[in-house]
Structure formats: C-alpha cells, structure tokens
Amino acid sequence: MNFDFTEEQKSMMELGRDFAEKEILPTQEQDEKQHLFRKEIFKKMAELGFFGCIIPEKYGGNETGHLCAALLTEEIGRVSASWTLPFNMQMWGPAFTILHYGTEEQKEKYIPKLVSGELIGAFAITEPNSGSDVAGMGTTATETDDGFILNGQKMWISNAHVADVALVYAYTDKSKKHKGISCFLVELKNTPGIKTAPIETKLGLFCAPTGEIAFEDAKIPKNALLGQKGEGFKICMWQLNNTRLGCAARGVGIARGCHEVAIKYALERTQFGQPIAEFQMIQDQLATMYVEYEAARLLVLKAAYEKDQGNLNNTLSVSTAKYYASEAAVNASGIAMKIFGSYGYSSEYPVERFFRDAKSLQVVEGTSNIQKIIISRAILGK
Amino acid sequence: MGNNVLIFAEQIGGKFRSVAYEAVCQGKKMAQSLGGKAIAVTIGSGVEAIAKDLGQYGADKVVVVDNEKLKNFTVDAYGKALLEVVSKNDPAIVLLVASFQGKDLGGYVSAGLGAPLTADCTEWNWQDGGVQIKRPVYAGKAYVTVKFNTQPAVISLRPKVFPPDAPDASKTPEVEKFDLALTDDDFRSVVKEIVAKTTGKLDVTEADIIVSGGRGMKGPENFAILEELAALLGGAVGASRSAVDEGWRPHSDQIGQTGKVVSPKLYIACGISGAIQHLAGMRTSKCIVAINKDPEAPIFNIADYGIVGDLFKVVPALTAELKKVLG
Amino acid sequence: MNIVVCVKRVPDTETKIKIGPEGTKIDPTGVEFIISPFDEFAVEEAIRIKEKLGKGEITILSLGPSDAQTIMRKAYAMGADKGIHLNDPSECPDALAEAHALATALKEIPFDLVLFGKQAIDYDNGAVGVQVAKLLNIPIVTRIIKLDIADGKAVVERESDVGKEILEVKLPAAFTAEKGLNEPRYPKLMDIMKAKKKPLEEKPAQLGAPKISIVKMDYPPARPPGKIVGEGEEAVPALVNLLKNEAKVI
C-alpha cells in the first residue's frame, strides 16, 4: 500500500492551495458579508478543470479521479467551505450521475456544460417535510402523453435559485413506495411552473447559494427522465454515495484550516509570559485536532481510492468518511474557538466562520445519525 | 594580484548618488585592511567635474570615464568601461552598492573577470587575511558569512546599511581620465525612450525615513495622511505588497521580498501586519515603529516601538506632535 | 522561436528555515520547494510569446538537486515543451559557478531568447542572468516589465532610477523578469497530467570549483525586544519623545 502522493497529485494540491489563497481569500471577508456567490471564482475553477476530475475526456473531463478531486476539495475547503459546494453541484452530483444513468443524448447535452461551468447544476431531494426519510417526499411527477407534470416543493437545495439544471427526485407512482420514485433532469430556469427563491437565513455557508424550489404543474419532456421510471430511489442513494465523498472532503478541509490557524495562533499569542502553545491543555487540544484531521483525511482518501479502482458502491467507506469528517470538522472548529478565546468569537478572524460552516456537515446529505445507520447496517450484515 | 579596491561610484545626471559615498567609504576601509589604495571609478557624461569630491570620502584615486555616449546607463557600455579600468588597476576587490545600476554591473563584471560575486552585503570584516562578507538570505531568515577563495572578488553592499563618514574637505584624490573606445557593438541594448519619474518624488531606496502603509490603509486616498507625515520628516512613502496588489500604490513603492529592500534610519509601518515577505524588505532598518490596531500583529515582534491603535487617529496625531517638536 | 527559460528551485518564503547540522546550509526536511516566483513570470512570458507567434519551442533549464525536476514539471504544466535538468546535488552557493554551468548548457541549445527571473528568492543575488549573458556574449536587459518581440527584435520596458525606460534589443538576447511583467497562469488539471509525458533530459552540471565558500550560516541577530509605547493617540507624545531622545532618529 503506497501512502505517498504522486507528483501529479502534489501539483494538484499545490494548484488547489494557490487558487484558494489567491482567488478566494482576498475577497472572502466581503463576499461572506454580502453572501456573494462570486461568478468569476466559479468560472476560473471550471476553466482549470476542477469539475472534470471524474469525467471522461470525451465529455470534457480530465479523468484525474476521485482522489484528486478529494484533494482539491480539501485545499479549497481549507480556505472556504462554501467554495467546495461546486464540486458536488457540478461534478459528483449531476454530471457523474448523468454519466452513470443517462442516455448518450443526455450525457452529451449536459455533462460537458456542467464540467465547463456553462451550466450551473444542483440536485433536489429534500423537502420541507422529508429529510432523512427520503421516501417520505411528496413531490410528484405525473406522466402524460408528452412528458411529466411536476408538483411539489423542494427545500434546502444548494444552488436552487441559480442552477440551470437539477436532478429532481419525485414520485411517479406512490403505490410502489420507494420503488415509485424517479429522477428527472429539470431545467429550472426555462420551465414554466417552476419558482425558486433563496434562503438567506442560514447559519453559515454564506457564499454557497441555498434555496427552495416550488413546482406548480411544471411540464417537463419525456426525455427529462434519467434512468428508468421507479429507479429514482436507487439513483438517489447512488448519487448520495458520491456527493457524500465531496462533503467528507469538505470536512477534512475545514478541520485542516482550523488546526493550521490554531497552531499559528498558539505560537504567537502569549499569556503568563509565554506562547500559549507551551501549555499542556492547549497542546492536548491541538493534538486532538491534528489526529482527527489526519484520521478523517485517510478515511476520505481511502473511499476516494476505492472509487478510482471502480468500486462505486462503497457505502460503508463513504459513510464512515462522511460521518467522521463531519464530526472532526465540528470538533476542530469548536476547539479552535476555545484556543482563540475572544478573538475566536470575533468576525475578524476565520474561526467563527469555520464553526458556522462546519455545523452544516452534520446535517447535509444524510445526517450523522443516518450515516451511522448506514454504517451499522453494513457491519451487521443487514 | 594587487591589494587595491576598485569602487564603482554611481552618478546620475552629473551628481553622485548617496550610495557612491557609502561605497567609497567602505572601499577605503577595505583597502586599508589590504594595505592598498581605494580607487573609485565614475562613468557617465559630464562627470569630470564631480570626480574629486570622492576624495572627501576616502578615495585615493578617481578614474573618470567621461563620454557623451555614456549619458544613459546600459550594462554593456558601463560594464565594458568598468572591466577595462579593472584590467588596468588589478584590484583585489571590486566594490559596488546593490543599487539599480550596481545590480547589473556586479554580475557583468563578475562574469567578465571570472571573479566570484557576493551581493547585498550588510556586514563585513577582515578575517584570516581576507575580507569576509555577511549577508541575509532566505528573505532574511538566515545570514551567511562568505569568504572568497580567489582574487579578485566582486562585492556589492546593501544600500544605506553603511552610512558614509563625514566628508573630509581637505582630502583631494588623484584624478585620472580614462579614454574608452566605444563602438555600436557596445550598445546592443538601445535606449529608445525614457519617461522621467515625477520630479520631487523620493525613491524609497534613497530615503532615510520611510512611512509605509499596508492593507490597514483601506484605500488609496488614505495614503494622503502618510504622505503628509513623510513630507514633514523629509522621507518617502512606501507600501506593503497588499497595498500594491490592491492597486493603491505603484509597484515602485513596494517594500518587501518581491519589491524593494530598504534600510532607512526610521521605518514607520502603518496598518502593516508584518508578513515575512514584508520583513525581508525592511528588517535591517535602524529603527522600526509599528502602528496597528491588532495587538497580535507580527510586526510588533520586530518593531522597536509600537502603538496599538487606529492609524487614522494615530498618524495625524503623530504628524501634529512632530510639527510641535520639530518646529 | 526557441526560448529557454532558466528556473530555480527555492524554498517557499512561508516555510520556516532551520539551519542544518553542518552549519552552512539549511536543513531541507519539511521544506516546501517551489519555482522562484520571478522565474514563474519568465515561464509565463515565454508561453505568451509562443502563443502570440503561434509557433516556437520552450525549453526549461534548471540547475539544482534532483528534486528540481518537480518544479520543472510545473513549468511544463503551464505550457513549456521540454526541459534540461543540470544535476547539482551540492547546491552550490556561488552564483558565478551556477552561471558557468547554465552558460555551458546553453551553448548546446539553439535559442533566440533566454529568460530568467530577476533574482532567486533564496540567495537574492540577482546576478545569474547578467553573468550568463556576459559569458555567452549576448545582450541583456534586466528587470523588464514588458516584452514585445517582432522582426528579430525585442522591445522592452523597465522601471529604473531615472523613470520608465524603453529599450530595443536585437535577438538573440536575454532578459530577466520583474514583477508586473505578467500574471502567471494556473496550470490546468489536464496539463498537470500531460506534464509527465514531456521530455526531461538530465545532465551533470559543469560547475567547476566554487570560488566562494560559506563559512557559516546563522539565524538573524535578535533585535532587542521592542516596546509597545501605548494605545491610540495618547501614546503619540511618548513615541515622539523616544524617537527624538532615545533612538535619536528625528
């Protein structure tokens, strides 16, 4: 087992780090205050190929793989958790799912433009009344002669009000229970009957747009169906097993950002005549942060590696990584706030943003409880 | 091999730059250790008249290369001149200051002579029968002590680190005119145009006092308060990389590793956090004052004096107080 | 249009420096190495010239220990075509010796243009470019912020003591890059992968015996600890007093 990074991987990590520091960091303070999704950053990420790692060259990707994508996500997440969302919204979510389940026509229509950033992507599972209980969703897609009619609501959807195309999960046949859910490629901006609205009242992830979608007799064509009718739940679980990897990498990035700034601060801040890094309690805290970051990172890299080897159904590895990295990120940001003291509480330091952003990881794309259920079922052989 | 020191004494527009005096003073001291002479070289057009002034700073002899074609500095022509003078004077050391011209000439002469070059010297002493140089490396994170294994050696000094001694008007050097044959071949880089700098603006590398602004200045218009303070003190206004990257100040004002390295008597850092790259450009300043509202800013670790506070209040207050005290 | 760009592997400025056990050089463990930033401007400029002319070959030349090849690959990913690594495990501190090794290698490479960064951020001599040009007997203009090539000539701009200078030089010529020449591009992921396949030739470096020796390397002398004079405007009179009577700088 080789734990060394290849030269290419190191170059990519350097690219991710430079990009985050030179393109995201300089305007981050004001962007966060204004809740700004800065289009130029998104475009530049796309131009460099960030959203093409797991996409074949045929569709505009660069085939560098899940591991590289995870490393890039970590580097970006170290500076801004918000800016890791596009990896999921463009690539791990819509593009990769269409690649796996789409017709050639659908692949050619959407994948290159998701990779290039010409289209902004999203995926819509959650509703006001259904989160963990995915099959409890209420949105319906009634089949007609020339397509489907969507009715319902989606909520807490990243990119809802900015996305061009979204994977929308809806019931085509309620009687079949979860086997009656289907997945659709819906063009949110140019389909009548679709209204979107931003959700501004979040705790964090301010530069990542979040919103809700309302479908009122929205007509979509037959070829909007992704995969087979009734395959939607399976596609959803499959999709989540990829986007969760992106979330986990985001958590690793936050955990790293936290322990790096905490170390720097502990070496500079003096109390009682010495740097606080000399005090054992601080050392205990820093060590905890480091260990949890390193462990989370290895879990993420393992899950990514497995996918690169062709094992895309590695739900145990992915959920383990997602669960652990989320907790590591939340824990790291909490510890960092303690180390920074009042400065941690201040908006002039990055720590409180890490704290707010990290918290989302425990609830998005399957709560930590859900991840543990997935894990326990796998290990109990259920 | 000789025991003389040949010193490049830089002039611009018929006047010696302060670095010329710095170089001559140090050159004299080195020559004394070697038991030889301090020979200054000045190159340009219409420079004959000023040559003897170098005697006041210790030059035993001044070689003047005066030619109309040498009015503007180009490394080929000036380098050729310097090399020819060197070949006639057989020095143990060729000494320059790492000024704009010096940086080009040092390398040129070194390659022309096959003589090793050490640049940016901040300290030297006489050790084991020779000159040893100390200079910063790795953005000032370390210093190396260097000795030369062969002669001659080419040394360039960091500007403003070796203030010249008071001139001794009684000293007059031997002045020698040196005729240099110049052809077109010596001007392979042709100066097509010079857009002169705004007159009256003191370059940061020339200034004894620098008032510098960083990200904390929040905008270009706010530099006016630094300009006022600098004007009162007869200094120049510098900027950190953040301020230059924001477009608030020109790159020529940037102090730091990728900007200019300065060593003034007094450096006042306003709203500058003190990143390593910035420190690399000013850490050899004699006195450093930091004004910053963040008490944890790294600049306070290197500053001799610091005020924690809002620079927009402190700087005007400082200007007002200085007006009172200096009259 | 054949362009050679000389790049040097240097420690990242952010990295903490530790002096090695021999006391004359740094301990490379844990040090992050990068292409010297000014060299990156040179690489970027070479690529822009090639793109503008629609043709040409860019060779990266680097003198240094074996991991210089890693930073050369970044230049490849940006758009260089091939490279020559002059292997020098000794990390020679003598700029002139380095210049000799580079000049010797350059004699074997057909070039119209040689580009350098204005100085390497480890030793900050800023001399190698000029030394190499002199050894090759080609014209050089240092610290350029603009470069235009047409009809076998280069027109360059730089900021000097006298103001902005515009110079014209016939090729072949050498230039050193100053900040402001361009904004180096990020390598695309695709190009990072392709970099592996570009040819990289390794040769021993012809340095000759170094004519300078490092006697020792030290950490900077500690400045005597400074003092916070006070807070806000109230502290100003005390500061002025100290500057006048203690530091005696005003």
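When the chains are written out, they are named A, B and C in that same order, and each has its own residue count from 1.
Here is the rule we use: a residue touches a chain if its C-beta (ideal position, glycine included) is under 8 Å from a C-beta of that chain, and two chains touch if they have at least 3 such contacts.
If you're wondering where the values come from, they're calculated on a predicted model, not measured in any experiment.
The largest tally of C-beta contacts between two chains is found for B-C. Chain centre most remote from that of chain A: B (centre = mean of CA atoms).
Chain closest to the overall centre, judged by the mean of its C-alpha atoms against the mean of all protein C-alpha atoms: C.
Centre-to-centre separation of chain A and chain B, using mean CA positions: 53 Å.
The distance from the centre of chain A to the centre of chain C, with each centre set as the mean of the Cα atoms, comes to 39 Å. In whole angstrom, the spacing between the mean C-alpha positions of chain B and chain C is 21.
Looking at the complex, you find that chain B touches chain C at residues 12-13, 72-76, 79, 98-101, 103-104, 106-108, 110-112, 114-120, 132, 136-150, 153, 188-197, 203, 209, 233, 251-252, 257-259, 265-266, 276-277, 280, 283, 286-290, 295, 300-310, 313-314, 317-318, 321-322, 325-326. Within the complex formed with chain B, the chain A residues making contact are 26, 265, 268-269, 343.
Residues of chain C that touch chain B in their complex: 11, 13-14, 16-17, 19, 24, 26, 37-38, 93-97, 99, 121-135, 139-142, 155, 159-170, 173, 179-180, 209-221, 223-224, 226-233, 235-237, 239-240, 242-244, 247, 249-250.
Residue ranges on chain B touching chain A, taken from their complex, read 245, 296, 298. Looking at the complex, you find that chain A touches chain C at residues 7-8, 10-12, 14-15, 18-19, 44, 47-50, 52-53, 62-64, 68.
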